[in-house]
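Order of writing sets the labels: A, B and C. Residues in every chain begin at 1.
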Amino acid sequence: MAAETGKHKGRRRVIPLLTLILTLALSTLTSGCWNRRELNRIGIVSAVGLDLGPDHKIELTVQIIRARAMKMAEGASGEGKAVWVVSSSGDTVFDAVRNLVEKSGRRLYYPHNSLIVLGQELAREGVRPVMDLFARDQEMRLLAWVVVAQGTAADVLKADSELNNVPSKQLEDMLKNYNIVSKSVGSNLLEFDDSLLSKTTQPVLGRVVLDKVSGKNELRLDGAGVFRGDKLIGWLDSTETRGYLFIKDKVKSGSVLVPSPGNPDQAVTLEIIRAGSRVKPEWLGGKARFEIDVKVEANLVEQASAQKLSSPDMISVLEEELNQAIANQMRTTISAAQTHYKADIFGFGTDLMRAYPEEWQGLAGKWEAEFPLAETQVKVQSKITHTDLSQ
Amino acid sequence: MFNSGISSGPVSGDLADGLQANISALKNRFKNSADVIYREFTLGFASNPKAVLIYIDGMINQETTSGTILKPLMFDFDGRDSKRSAGPNGAGDMADVIANRALPNKRVQKAKSLKDVVDGILCGNTALLIDGSAVALVIETKGWESRNVDEPGTESIVRGPREGFTENIGVNSAMLRRKIKDENLRIESLELGRRTKTLVYLAYIDGVARREMVNEVKRRLNKIEIDGVLESGYIEQLIEDAPRSIFPTVGNTEKPDVVAAKLLEGRLAIFVDGTPFVLTVPHLFVEGFQSSEDYYSRPYYATTVRLVRYLAFVIAVLLPAGYVALQSYSQDLLPTPLLISMVASREGTPFPSYMEVLIMGVIFEIMREAGVRMPGAIGQAFSIVGALVLGEASARAGLVSNSMIVVVALTAISGFALTSLADVIGLLRLFFIACAAPLGLFGILMGGLTVLIHMFKLYSFGVPYLLPIAPGNLNDLKDVFIRAPLGSQVFPPRILGHRNLARTTSDRRPPGKD
Amino acid sequence: MSGRQLFFLVFCTVLGSALYGLPNGLIYQGRQDAWLDVSAGLGFAVIIALVLYILGSRYPNRTLFQYGETILGKYLGKVIGLIFAIFFLMVAAVLLRIEVDFLVVALMPETPPLVFALAFMAVSTYAVTSGVEVIGRLGELIGPLLILAVVGILFFTFNIIHLENLLPFFQENPAEVIGHSLLPGGWLGFVIIAGVLMAFQNEPRQALKPILGGTLTAALLIILVLFQCITILGVNVSIQQIYPLFRAVRMIEIGDFFERLDSMAGIVWTAGGFLAIVAFHECAAIGAAQLFKIKGNGGKWVALVEGLAILLLGLFIFHGSADRWQFLRSVFPLLALAVEMLIPMLLLTISVCRHGWGFLGQRSGGK
């Protein structure tokens, strides 16, 4: 009896099974128009550049990886470039992206895009309209680096790289290691987006400079661009950027030159190997005060004079000089931000908000006016550990 | 009615007194059967009645028949005591006397009906009919050419007993009995198949296997109604819980030590005459990942190997589907350099990735099937053609991409690691490719859930098919993904056997420490 | 069904759908204090769980749909049962829509939503026709996977989190907390399915631990998810993004080569969300079968019809994603809490008035 019903059940189970197989087979055949992107029908975008074109149109430039050429390049050189740089324009970024398909034929694939370059013109006009798509589109990664070019983004993307088949990869590597040199900033889309959304913190982006060296374009990451709101308002040079990075606790290493003790013409090079900083906000009777504590560990790596510097006395002199040098860098940056740009690029407002949420309620609206008046105190404590020579 | 060889009707009717009547009755049964031998002779004692030995050529041991039946009856036995014990029915007594005093064979049975005689002859016994007697003697003389105990071809091992079952059920049950010398080892016999009359043994250990399970297996075996059982696969398909499922709910093995281990865990074994493959029930999914060798080697190695097997299963089932999903839908999951080389190798190939996988999969299956069936001598040429021409050249020619060949090869090798699940793996692989082709990873997820739900619904003889995994039981999981040291597996798996039976109580502390 | 299966079912039902349905809304409401709102919402869920447990031990082996008839009489009881059944159906449809929208927006924008919905409901119907036991085992398998997927994010993101983003704490006043706790409360109140599933438990008396445990674990993980979103993305971006956790997972980089793990995580979350749909589908099917006294093979037809109903309702219930968020933030919390909390409390009160406290569990032997 039980087996009887079992058999019965079995027979009935065949129908859904057949339906399932049929559905799968049909959907496989008809799904060509859905989301399937065969690899040989997509173009991998490795970098995106945005410029302001004539008539306030958006000029979109992309680097598309030519996979074939790239594979070939490993064996025989001269097969052609590994990337194809192509531009299009449109009223909005999305429009330009769509217009690009007319040129490329293939559908462009953005998830592997790791770099967004903003042209100076566009940055000065305001970047919020163009950044919206990058935050909204789920294909884009928030990890992509964002930099601002001193010239046009298109030129940056067209520049060659001697080291890497894909030029944008070199720029990406530079950005990844920005805090080894600590002379420029690497911000990713998330950080940039966050500061664009913030009402007090102003965005800072790394600056890409194009140098003409013997007829070839060379890319260099140097300094940073300062924004107010979504508009580029000026630049920080490499020293000011170093100060900015110290305050933001983003320095990993970098070299600092101090005058040799007793021999001011000759320099001693100190290499920072560890650095850490803390910003302590205080709200004292209607006035904001920020105490910036920086702790630095450095090594003596080069000295021009023949003096013996490895004695404890000399080291402490050097440490004092290092303190001064770093503190000066930070002070320069702070004064540039407070008096010149009047932009809270350090996120002091946010720090204050976190520490004094109640007081912040009344302050939030007028922070822009309050920031230039804020008092700052810079304290640096450095320690020189190794001199590597006993000299 | 056309009647060739053995009569098809039910064999019935009693034997007659007269020898000639019986012979002609039997000759009528075995019409047109050249291999049935009628050896007529005269008994060397009493009133020298005529007698006949009937047997099938090749199924009996010739020496036994001539040495222990013909020789005593014709020469050695003088029939001295035949009168003394003769009762009122002389004819019947004649058979008794011969059975008791003249024949040294291991088993001699009296048969009164024609059917018993015919059955006996068909089984390879020799029937002795004596003139004037309505009782025949069926003498056990089975003896035919059979394979020796040998290393099994399907389950190769490095460590452990090398012997495997043979086609002879008596030898097989003896091999099991040699492993388990316990009077509670029960071996019940029954005969299945209207025409093949195949002998089937059901083995279990009383007190370890659960009563209900034994009864259930017996019930299912007794319900089998079929004309022939040529291999244990027939029985497997007739007693399994879900005949339409792709998952096997009955296990099989060629190795006596495996059967013994399963019986000790509370399972049952079904031996079928004529095949070295012994069935074990209930069969759970995880058994496909366990090997007898796991228990013979030390736990760390066994655990590693077992995890590798699960990995191989996942690769064999999901890799092609995952490859299709990654290639056609979720390219973002690939590291950029890998994506670039994949794009490079895909340039110019004509088919979408799922077609590539299917084409290569079919080609591989054909190669495998050909490799199994092919005479060994042309193997060398075959592998050159298969591997070089089809693999290398098709990529060179731009028919399929290079990465695809890597995927198909890896899938195939992983499939070989789990031979007992080979059919399941092949079907699941196809199913998942079909899921991934239209919907990518989401399709694989939905397909996976469907398969899981199906597996959750499966039972093998009242035991959930996925037992120690779901419904979960931590204690039994000690023998699923890992192989815990023997001392910590003290119970037979839950539900399979009686739980309170400790399997080992030996002291496993290192010697010298208290 | 074992205690562990009940635990994981409750857990998956609450968390599975919350992973991408909730964080944005919660952070939008409570900013850094969203975790406080969830904790307050947990209060509702605990009350619901306790009420269900007491009801369950007073009327063992009965489901939510049958309490009404036992307590209030045939007709009023049927109405109450019907409200529950329709509520379950509706929640299943809403969850289906959330699920499908997520897949369409985040993973496969060009595939028609109908395809996802159809796949979900086909497999869900298959699961429901296979019975409670099968669904329990499914939960047992998917549950740990879900925990792994959420906690695993922690390990891979420790280098990109900014703990200071969590500050400042305690900016909401109590009234705001209570107002904001309705949404998480209604969501955590999905523990209501235990009122149906408890009847299938081996030992209903020991059901309290798995029910409360499941809700608590889910609430903790929701808080963990909120923290992950805020520490990785910051409050502003978390509010800006519809699926902040998804975007946060996209930030993971493992050793320079494994990046963009979001599709993988999205698929695991989808498994959890699927289980939530199945749980509500199952409960609705049980409800319909019990209310209309459908037995035997008819139950399968009920599951099929309800599957179709959920499919259609899910596809047409909202106009678009804006509409859906509006519903989730305004109507849903009140509606959910009314059905999940008020009605069971009402039932319990009447039951106590009629039979007194001493009734607790006395009938169980008589069954």
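By definition in this document, a residue touches a chain if its C-beta (ideal position, glycine included) is under 8 Å from a C-beta of that chain, and two chains touch if they have at least 3 such contacts.
Remember, predicted model here, so these are calculated numbers, not experimental data.
Visitor: Using the stated contact rule, I'd like to know whether A-B or A-C comes out ahead in C-beta pair count.
Guide: Result of the comparison of A-B and A-C: A-B.
Visitor: Most remote chain relative to subunit C, going by C-alpha centroids?
Guide: B
Visitor: Centre to centre, by mean C-alpha position, how many angstrom separate subunit B and subunit C?
Guide: 48
Visitor: Taking each chain's centre as the mean position of its Cα atoms, how many Å separate subunit A from subunit B?
Guide: Computed from C-alpha means, the inter-chain centre distance equals 66 Å.
Visitor: Starting from the mean Cα coordinates of subunit A and subunit C, work out the distance between those two points in Å.
Guide: 39
Visitor: Which subunit A residues touch at least two other chains?
Guide: 20, 27, 31, 34-35, 111
Visitor: Please list all residues of subunit C that touch 2 or more other chains.
Guide: 108, 111, 115, 126, 259-260, in rising order.
Visitor: Name the residues of subunit B that each touch 2 or more other chains.
Guide: Residues 329, 332, 438-440, 450.
Visitor: Mind pulling up the subunit B residues that touch subunit C in the complex?
Guide: It comes out as residues 329-330, 332-333, 335, 337-338, 438-446, 449-450, 452-453, 456-457, 466, 469-472.
Visitor: For a test of understanding, state which residues of subunit A touch subunit C in their complex under the given definition.
Guide: 16, 20, 27, 31, 33-35, 111, 135, 138, 141-143, 190, 193-194, 197-198, 353-355, 357
Visitor: For the complex, give me every residue of subunit B touching subunit A.
Guide: By the definition above, subunit B touches subunit A via 223, 242-244, 327-329, 331-332, 336, 339-344, 346-349, 352-354, 434-435, 437-440, 450.
Visitor: Spell out the part of subunit A that touches subunit B in their complex, as residue ranges.
Guide: On the subunit A side, the touching residues are 3, 10, 13-14, 20-21, 24-25, 27-28, 31, 34-40, 42, 44, 46, 65, 67-68, 70-71, 109, 111-112, 114, 139.
Visitor: Inside the complex, what are the residues of subunit C that reach subunit B?
Guide: 2, 4-5, 103, 107-108, 111, 115-116, 119-120, 123, 126-127, 130, 133-134, 136-138, 140-141, 257-264, 267, 270-271, 274
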